[in-house]
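Each of the two complexes below includes subunit A, the first together with subunit B, the second together with subunit C.
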Partner chain A sequence: MTDEKQQPDPKEPESVASPEAPPDVLTASQWKLMWWKFRKHKLAVWAGFLLLVLYFVAAFCEFLAPYPLDYRDVDYAYAPPQPIRLVSEDGIHLRPFVYAIEGERHPETRRKIYTENTDERLTVRFFVRGESYRFWGLFETDWHLFGVEDGGTVHLLGTDSLGRDLLSRILYGSRISLTIGLVGVTMSFVLGLAIGAISGFYGGWIDNLIQRFIEIIQSFPSIPLWMALAAALPDTWSPLQIYFGITVVLSLIGWTGLARQVRGKILSLREEDFTTAAVLGGTGQWRIMWRHLLPSFMSHIIVSLTLAVPTMILAETALSFLGLGLQPPVTSWGVLLTEAQNVQAVAAQPWLLTPVFFVIIAVLAFNFLGDGLRDAADPYSK
Partner chain B sequence: MFALIVHRVFWLVPTLLVISIISFVIIQLPPGDYLTSYIAALEETGQTVDYERVEALRQRYHLDRPMSLQYLYWMGGIVQGDLGMSFEWNRPVRDLIGERLMLTMVISISTLLFTWALAIPIGIYSAVRQYSWGDYTFTFVGFIGLATPNFLLALIFMYVGFTFFDVSPGGLFSEQYEDAPWSIGKFADLMRHIWIPVIVIGTAGTAGLIRVMRGNLLDELQKQYVITARAKGLPYWKLLFKYPVRVALNPLISTIGWLLPTIIGGEIIVSVVLGLPTTGPLLLNALMNQDMFLAGSMVMVLALLTVIGTLLSDILLLWLDPRIRYEKK
Partner chain C sequence: MSEAATQQQQQQQNTDRPLLKVRNLKTHFPIVKGLLKRVVGQVKAVDDVSFDIYDGECLGLVGESGSGKTTVGRSILRAVNPTAGNVEFRLSNEYVDVAKVEHQQLKDLRKRMQMIFQDPYSSLNPRMSVMDLIGEPLLAHGMKSRREREKRVRELLVQVGLKPQHLNRYPHAFSGGQRQRIGIARALALNPRLIVADEAVSALDVSVQAQVLNLLQDLQKEFGLTYLFIAHDLSVVRHICDRVAVMYLGKIVELADVDRLFDSPKHPYTEALLSSIPVPDPNHKSERKLLTGETADPSNPPPGCTFHPRCHYAEKKCRQEEPVLREIEPGHFVRCHLSEQLKLEGMKR
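For the complex of A and B:
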């Protein structure tokens, strides 16, 4: 892999630069070349943008969500979604509104049936005061991005069995679901890099031992292993401890693939001329490792990390869905989906399935982004 | 090649030994054992606990011994083909797994056939007509299929089936055939139900295989020998199926060995969601109830099958594709 070195081939600059690229493509740094190449993958750029939005939402969910996480509208259990409208019988309105809903118990089944009251329009206002919450646990405030006047309800995605607003819970859940992948990936990254580097750098019996160990871990079917480890987390742990326990469980398997990649790269890079030059120049082993070898395969590592995040998000969702992962009151998309386990419940309240779409969108976005990054990681190839 | 197989089989023994230790440790990780949680459950509901019986059970299954001895007892049983007893079911683990194995195998093999029947033709089409309208459609659908986790797909299927077709897609049989002996009617009933789990489990695999098939075939189609064969006048379709497709099929063979563990493991989560009478839900239950011999033996068997499966695939590949060399340095 000689193209790792920072010497762009002057013969094929066109394949690297985007059409509007300036002529300084010959002198551009490797990261700049990568960015140009990445930009050409439109889908990946959009996916990256979407992910930024999702993480922004996760960061500011307290403010963006119309209700706090555990706020219960007792009179509105299993209320259907109230769509935002601009058109009523009176014509078009400039300000978006929702119709108020009224619940009535069915005389026989005792189930609550909700109907829209088309006479009562609730205007959706921005920057309103609502239920109070602690922003990032720092200070108390009651400002929300949007809401309706007092006494009205705005459940854009409906409510769950306890009358909690599903949209708000999905937004809060994104904080857990989206970060658990990142934390898990960071852990596998540290483990994989360290162990892979040791294995590749020292070689010999250490290498042999580590490789056999990795083979054994990889020969375990991952889902049963995850389930067994998750079931082993003690019930007495606090939600935060469980959260970290789950990320450790998820990353325990992820690092093996990474360690193998790192080892392979180091084995091949060790033979390169620039390494020999560094050795001859009297550079220390650690400096060669961190200053010369690591940067040469960093881009590849980043790609495999991006592609590992969705796997972890899915695994967390699956474990929580089965009741082995996170437990309420911690709220993740998987925990929200436990309400959708029962067919009857889903058939009567199909909006309980909406967290599914958030999971799919996040996973798709990470896959597309990883795809684009993979192409960009090697900016000198065609 | 023979030396390689011997070498790999030799490595199998220590690998399996380590696997068995890890399996046992994992199963022992939760505090307490089945009996303590059994007592706790009884006390919670206010029933009297027969401590003598519990003590007898504890001694019978050596739960009072240190962990290393327990492991040796367990291992000794496994070597003799005895997978231990399930506390919860009060039956030998081997019978429990055996009972559910048949249906698990039926589902796994049907899924495999479904995946291949769909993925191979679509993959070939996508590669031959690259960037065509059909290729884009399949790519897009494939990506969504890959991104949707199986159990969420199962949820959506159940919802659609229940609301629009008025069928409850859970389980593999209608009620009247649940415990009935095998008959043509029961078989027909199975066929009516099996397509939902097959589609649900097979989607992700199909999508992945289409991508692999397409990528491999595209690589092959650009090679010199294809041009040479065309220049010699070999008809396109004949050429396609005689050479590039055969080479592109390699990944199918390299994954065929992984079929073994899925035969037992099934798609655990999908089986739980759809309520399938397969081995998956059995394992989940055993893990949650600390039914240690059942859970441990199942994890052990799964790992064993994965190792053997991988070995089989490697040997198959070596045999079918003479270009592959496993050289020892």
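For the complex of A and C:
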């Protein structure tokens, strides 16, 4: 009994548990130990939670966004953000509101100048009917998470040159930007795992050939290679096909690092005593691969995949920003940023840069998550 | 009692028919260089080793690090492929050359010969439970029913002194000595005749070493096991082995019964090894014949007797002519030109 009291956290994973340790530690599998260790990395847990929120937003963006993707408020091109307020001249209000904005042409430059009309408060309401859209392409509806009464506008992050709501477009864009990383990484994962495993498992001239091939791919400067591959995509393709094509392009370059890691792991694990023991016990090659080698480096693979996702997101953003990746009407964060290519536009409409913050948040969250996973990946190390 | 008696009888019958005959075993590792993997040399880890192991005995294999003793053990089990030579294992009264058999037959052979590893940490996959670890060889050899396997694993756990209810624990829940017991249980799972114990107790605490050694001896008695006991700790070897082979630089330099070897060694290297054993007597004035220098490079062994650069007695002949392993007394083999002339000291009691 006293022994139990000495252990403050009964689920503390230890390299060698004392015989008095509670039975669930003793029979805990690798994944359980990893989870316990990961849980202690608070930043990573929060990052993981944030990512869950981001993906949730991406999944339900039609409902969460106040406007549909291509809805244009023709009178409100380049409208500045309307901040949500609780305090007006009349005092504090219980319900959040925005001020209506009014545009006026500048007499000389013909540019529209917007001013807040502090007399007209537009109360932000939840679950309102607005513009209609097709939810997941399945059914038509006009429910939105929030909005203002008819006739008013709520552009929390402003609008672009065509008067489209930037927040809505960022939410829609997250769908593409966040999934292109996952899809691309999944494809590099399959490629890297298969090619790396062949290389490490068979060795000899196959290994040599694959490794030299990887070196050639890695020595290509990435942006011209992307350009070449993106240019090779036929322009008759639909936006969806282009999207798919871009992920293929990204993963065709991205698999090499993973293949190297897999090969290295297999080469070292093949020499481990437990592999020899399995061979001597008569275990077949296939089972050794699946039961002994693969689980031993799977945790590391997951970590490097997590860290590869932000690279993919950044690559897509960069490609699209340069006009080589996705093209309008497909909307991703990179595509949204193409509007901010012009210095004058950025100077006059700085809110066009807001997609950058979403990129930063997503990339940082993936990196912190990967950090925590890396620490948890080997529960047997001290 | 009767079991031991029949065992002895069997041993008598089998003096001419050892369980394992190793003949001129050579395991060389190529040294490759450059992009094209050009072979620029050979590490002769095991160079022309021959010995017999008889049923029910424990043959010790000792030597310094790098002498090739582990490679001998692994070559016998084909964990590494020997370069040349024969490893003949008696399987139902016929000898099968382990070094040459094909895949399926090798698998059958390995039912009869198993290995215990040095490092109880790296030899158990941390991601598998005890049940899966010990049950794996059973599964590989066709025991498909999980219930049947579980029964056998429980039985094995009891035999090696662990609790059968620890079945679902993972290796991280066990101490080094307990892990080694798991390794022993795994080796025993297929009812082998021969067990190669590769430094099986070197990584353990001294007190745990004794427990594991006693377990090995008990198991030997119970199941009539034969051991090839690879070690560098001579006092452990003296405790458990019947005969001892001393290896130096890939070759056996001396092989004799354990008492004969410890009392009157015939090779200067054996003498030096024995004098390195500490004597538990504060008044003992030591005249240790300590070895100087290091083991020679096995890819570039010295000419003549490979031990001559470190030998206190080396003569001109030793530098030029390589000695052969010869039987100077019945059952006592030595690879030295000068064995008859030298008065070598054994271990002081």
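Simple rule for what comes next: the second predicted complex is superposed on the first by the 355 of 382 C-alpha atoms of A that agree within 3 Å, B and C clash if a C-alpha of one lies under 4 Å from a C-alpha of the other, contacts with A are read in each partner's own complex, and residues count from 1 in each chain.
In this text, a contact is a pair of C-beta atoms (placed from the backbone, for glycine too) under 8 Å apart; a residue touches a chain by one contact, two chains touch by 3 or more.
All values reported here derive from a predicted model rather than from experimental measurement.
Asks: Can A:Leu337 be said to touch subunit B (first), subunit C (second), both, or neither?
Replies: A:Leu337 contacts subunit B only, not subunit C.
Asks: With both complexes superposed on chain A, which partner does A:Val57 reach: first (subunit B), second (subunit C), both or neither?
Replies: Touch status of A:Val57: no partner.
Asks: In the superposed arrangement, which partner chain does A:Leu314 touch: subunit B (first), subunit C (second), both, or neither?
Replies: Once the two structures are laid over each other on A, A:Leu314 reaches subunit B alone.
Asks: By the touch definition at the top of the document, which applies to A:Ala277: first (subunit B), second (subunit C), both, or neither?
Replies: Only subunit C; A:Ala277 stays clear of subunit B.
Asks: By the touch definition above, which subunit A residues appear in both interfaces, subunit B in one complex and subunit C in the other?
Replies: Correct list for subunit A: none, the interfaces share no residue.
Asks: Per the contact definition, I'd like the list of subunit B residues that touch subunit A in the complex.
Replies: 11, 14-15, 18-19, 22, 26-27, 29-31, 143-144, 146-149, 151-152, 155-156, 158-159, 162-163, 168-170, 261, 265, 268-269, 272-273, 283-284, 287-288, 295, 298-299, 302-303, 306-307, 310
Asks: Looking at the complex, which residues from subunit A come into contact with subunit C?
Replies: Counting only subunit A, the residues touching subunit C are 14-17, 19, 21, 25-30, 33, 208, 272-274, 276-284, 287, 291-292, 295-296, 380.
Asks: Can you check the complex and tell me which residues of subunit C touch subunit A?
Replies: 37, 74, 77, 79, 107, 110-111, 114-115, 117-119, 122-129, 132, 136-137, 139-141, 166, 168-170, 172-175, 183, 186, 189-190
Asks: Of all residues in subunit A, which touch subunit B in the complex?
Replies: Going through subunit A, the ones touching subunit B are 212, 215-216, 219-221, 223-225, 227-229, 231-232, 234, 310, 314, 317-318, 321-324, 337, 340-341, 343-344, 346-347, 350, 353, 356, 359-360, 363-364, 367-368.
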